[in-house]
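Order as written gives the chain letters A, B, C, D, E and F; numbering starts at 1 within each chain.
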Amino acid sequence: MPIVTIQQFPRSLEQKRLLAEKVTDAFVEAYGAAPDSVQIFFQETSKEDWARGGQLGSDRDPS
Amino acid sequence: MPIVTIQQFPRSLEQKRLLAEKVTDAFVEAYGAAPDSVQIFFQETSKEDWARGGQLGSDRDPS
Amino acid sequence: MPIVTIQQFPRSLEQKRLLAEKVTDAFVEAYGAAPDSVQIFFQETSKEDWARGGQLGSDRDPS
Amino acid sequence: MPIVTIQQFPRSLEQKRLLAEKVTDAFVEAYGAAPDSVQIFFQETSKEDWARGGQLGSDRDPS
Amino acid sequence: MPIVTIQQFPRSLEQKRLLAEKVTDAFVEAYGAAPDSVQIFFQETSKEDWARGGQLGSDRDPS
Amino acid sequence: MPIVTIQQFPRSLEQKRLLAEKVTDAFVEAYGAAPDSVQIFFQETSKEDWARGGQLGSDRDPS
């Protein structure tokens, strides 16, 4: 605990490495959590597997 | 908000496109939600990664 | 299967009853699913337990 | 997108406010994300509803 | 790791205590996992917050 | 119901088959659940998509 699950579009290994560091630091600073208590899961979603406004990401304008 | 996560066996792009439309319409009609407030995530699961009655989907009779 | 999880602010029983009907119909129409195969979970979140733009819902303007 | 779900023991409003800010900043810095694209959900779990090592949190030594 | 999330109707503390033991044993026996690596979260759902066949649990016959 | 979601590193089909049996048995024994009421989802995560202590699994020492 805590367990952090992140639903996102695919990101590079370097971006995920940096994010994992910063999110863990956020728990250390805001909660006084031990870094090793923080586990993070990235759940990457393709544009075919996400929709907003009733429209799949793969059907929307690039943005 | 709302965030809708759908765990399902793989479906075609056309089926997911149609479902995303209809599920979003459901929130508009039942809640008066703005369509753009509705995000949908499809989490597709293979038959090896799901079980019912203690038996993996890949070991069950086709149905 | 499918399993549908909806993260939302609290809604009335009547709104959830109506939404559950319409979301289930969406699966029947788009996938040809059997109604009894569709399970829906509502996970209601208070405004203190959700944030957008780095700000808790309870700290944002009413909207 | 991204959607961040945090499973944790209950925390004070002030701690969640601070964490939401810092986690959102992490996405801005690591991904260049727009702050408003980041949604965070806190799922707070009581000690009766979590286990580690086969033992409920409420049965473990205080820590 | 592994992280186990259980969506269920409310159960007694004694039932959850017993289940947590047995599920953890399952990971030890099937995977050779260390017991302390297994974390379990119970997400209890009321009958108003679950539906099957388009009908809320609270509207269904008792079963 | 119940729905069990397992976040784990990839395991062999044989290990998942065995685990699904044993976890289902746990619900039968602890809750008196009908085996067919238990659905299990395996969400397998690669070492690039998980972090602990602010470090991606793929950057940690093998263990």
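By definition in this document, contacts are C-beta pairs under 8 Å (C-beta built on N, C-alpha and C of every residue); 3 or more make two chains touch, one makes a residue touch a chain.
Keep in mind it's a predicted model, so treat the numbers as computed, not measured.
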Chains contacting each of chain B and chain F, listed by label: A, C
Chain whose Cα centroid lies at the greatest distance from that of chain D: B
Comparison of C-D and E-F by number of C-beta pairs in contact, larger one: E-F
Reference interface A-B: repeating pair among B-F, E-F or B-C with over half of contacts shared: B-F
From chain E, the most remote chain by mean C-alpha position: A
Interchain centroid distance [CA atoms averaged], chain B/chain D, Å: 25
Interchain centroid distance [CA atoms averaged], chain D/chain F, Å: 21
Residue list for chain D, restricted to those that touch at least two other chains: 1, 3, 7, 23, 25, 39, 41, 43, 45, 50
Each pair of chains that touches, named by its two labels: A-B, A-D, A-E, A-F, B-C, B-D, B-F, C-D, C-E, C-F, D-E, E-F
Touch list for chain D against partner chain B, complex: 1, 3, 39, 41
Chain B-touching residues of chain F, taken from the complex the two chains share: 13, 16-17, 20-21, 23-25, 35-36, 38-44
Partner chain A, residues of chain D touching it in the complex: 1-9, 11, 15, 18-19, 22-23, 25-27, 29-31, 45, 50
Interface residues, chain F side, partner chain A - complex: 7, 43, 45, 48-56, 58-59
